[in-house]
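In what comes next, chain A is part of two complexes: it sits with chain B in the first one and with chain C in the second one.
Up next, the complex of A and B:
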């Protein structure tokens, strides 16, 4: 399991984007590093840290940061932030 | 910088993303044969159709041999599975002069991935696979899709710098002032200033030199491979065979080759092409040159002077070039060419530890636009430009 803030740190590394620029509503077009190299870095990070597989179709369907968070939520990998 | 996994791990990740095993991915990556041409054409049409203004079948068979060594110079690699061709990338082996011993490299170009597979990192994987296979891999240029691959997958990063010498300013003023009437009013003054600039930087020392255009390099009676780079310079061996193929046989572009002579001895050549931008701006692009080592400044100056004359006669707005070559760049600036710092072009390469290039201490590269794979549409004579503008397909943006 991973917290949302840890996910954003992971995305910041994969997409080479400052973590404070990443919010759920930020679209992929606003993130220059959201490209094929970003896809590779993200696949590797999900596999290494969470044991999760990311297919080409799943990555392509992600349009914004929130979609990545939803993906992790659906796979039970995102820790709940509720108290 | 983000952490990119090694080739073995990347193979596993990419294969899984595609629904393949690593062994299927590796065995599916192979040189294209004659039976693959239709599939490659279809993929390129599907993914790049709007940008293709040329006869792609003729172009592909000119550039790549598709299993027939008598055809093109390069090799087109495909990732092929039972679903067909998923992706491809072209390679061209070049002989590099200036390094110790026999020295070769592979230029990569024409990379594309089927759009429904973007997100699989298949493009970066193909780059890695070719770097595993070849001792030296080079890339010229990049676009929005490949810029981070180029920046992060190649250890050595250089840039061609772009230079421009304006001949007429009306088109430039049109764009900057946003008013054709105002531009027309100011243009004569601007043109006078440009003329003064060129006068102050006019070529000198051309006595005894002449320049002519050639249509066949056999006219020269000399093999350009004899013009080796000077000490600590390295670059593609510019043989006559290469120039005949790249400059005079390309179905996408017909280029002009001009030669500088001292008496009956050829001392340098220059390859150029008029270019028409979408804005209507029209310039002469200098694509490639080489000179006899002891004649560089004189030959290059004579060739540039001739290029300026031809550009003026053709009503071009400017003469432009992109180059990585310290000696030539110094001369360009001396002749009044101005650097366009936002228009640099990446040239990157990676070598295995034993490759001869790595034995050189800070090599000075000689890389020109012709080393890349970008071609501009042929531009008809000025009097027919209006027709060309009306019917031309994908024209370059005015930079």
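Up next, the complex of A and C:
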């Protein structure tokens, strides 16, 4: 399980984007590092930290940060936020 | 998974040959942008790439590697029973490029020559095939592997252009009763054939309407998914089949696909980094030839002890394979830069 803030940290590292720029509604067009290299970094991070396979096809269908959070939620990997 | 055990196959030597022309990826920033180049250099790990000049083919590179190796081993041409060339960059659709090598090396009419159309996984496949031939009567086999991927990448696709390089190799194998057993595992997932493909120019689409279809398409994400799932499996199952612990392996010789991916696989398998050599920074990804190239670059030419290697190739097909084999201190390891000046028969 991983918290939303930890996911955003992962995304920041994979996409080389400041973490404070990442919110659920930010689209991929606004993230320069959301590219093929960023995809590999994210896939590797999910595999290593969560044992979770994010396929290339799944990543291609994602349009915004929220889609990544939804993916983790559906896989039961996202811890529900407190409060 | 297809497992085979080959008793009595000795690796007598490995020779590799790369083009003299080397491209520094940093010099490509004006074309692809500094950020893209920086990412490829830092993530894929590719700084320099040997690139064949126009008109120089994988067959040429393999020929010079083979000529040097036969000379070093003092193997007379008429002692070879077979020359097997693993390539996806043949000189012609027909004849097989191995027939050109056969001529250039002055091999005998009793020597079989044929090509095997595999890429990144080709070295373990070639070793397995050669092992079977030695087991059933051949005495000496020259296994060649070479490719020139730089000649079929799309110049505007930085993900492949900045990654790929060219190289050729020759591996001398002979029957020797007391050689240690070698073990091979070979696998395929044809459902992923579109993950790495040059779709046009073959007989499915002889004259593609879109010239881009004569060049490589790579679905990097799909290849990553495949690699991180399949490569650790085949490493661990090969060790199990060979009855070995990973500490019994001196070098894990990986296909040099991408530094980031290779490190991820090594970590996932719990392999010590110092036993997984990386040569991408100086040689890029030259396809399956990167396995013998890593061998000549990373294993000392002068050695005192017997070594055990695990070679693993993976990629286009999708196809993957692994070989566990021994390397004795007398086995020759050579490397040269292509000259184009070696005499051909």
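To be clear about the criterion, the second predicted complex is superposed on the first by the 81 of 83 C-alpha atoms of A that agree within 3 Å, B and C clash if a C-alpha of one lies under 4 Å from a C-alpha of the other, contacts with A are read in each partner's own complex, and residues count from 1 in each chain.
Just so we're on the same page, a residue touches a chain if its C-beta (ideal position, glycine included) is under 8 Å from a C-beta of that chain, and two chains touch if they have at least 3 such contacts.
No experiment lies behind these values; they were computed from the predicted model shown.
Comparing chain C and chain B on the residues of chain A they touch gives the larger count to B. In the superposition on chain A, A:43 contacts both chain B and chain C. Of the two partner chains placed by superposition, only chain B is touched by A:13; chain C is not. Contact with both chain B and chain C is seen for A:60 once the two complexes are overlaid on the shared chain. In the superposed model, A:73 makes contact with neither chain B nor chain C. Shared interface residues of chain A (contacting chain B in one complex, chain C in the other): 32, 36-37, 39-41, 43-44, 47, 53, 55-57, 59-60. If you check the complex, the residues on chain A that touch chain B are 13-16, 32-33, 35-41, 43-44, 47, 53-60.
By the touch rule above, chain C contacts chain A in their complex via residues 35, 39-40, 43, 159, 219-222, 224-225, 228-229, 258, 260-261, 264, 267-268.
Listing the residues of chain B that touch chain A in their complex gives 1-5, 9-10, 13-14, 16-19, 113, 116-125, 145, 147-149, 152-153.
If you check the complex, the residues on chain A that touch chain C are 32, 36-37, 39-41, 43-44, 47-48, 53, 55-57, 59-60.
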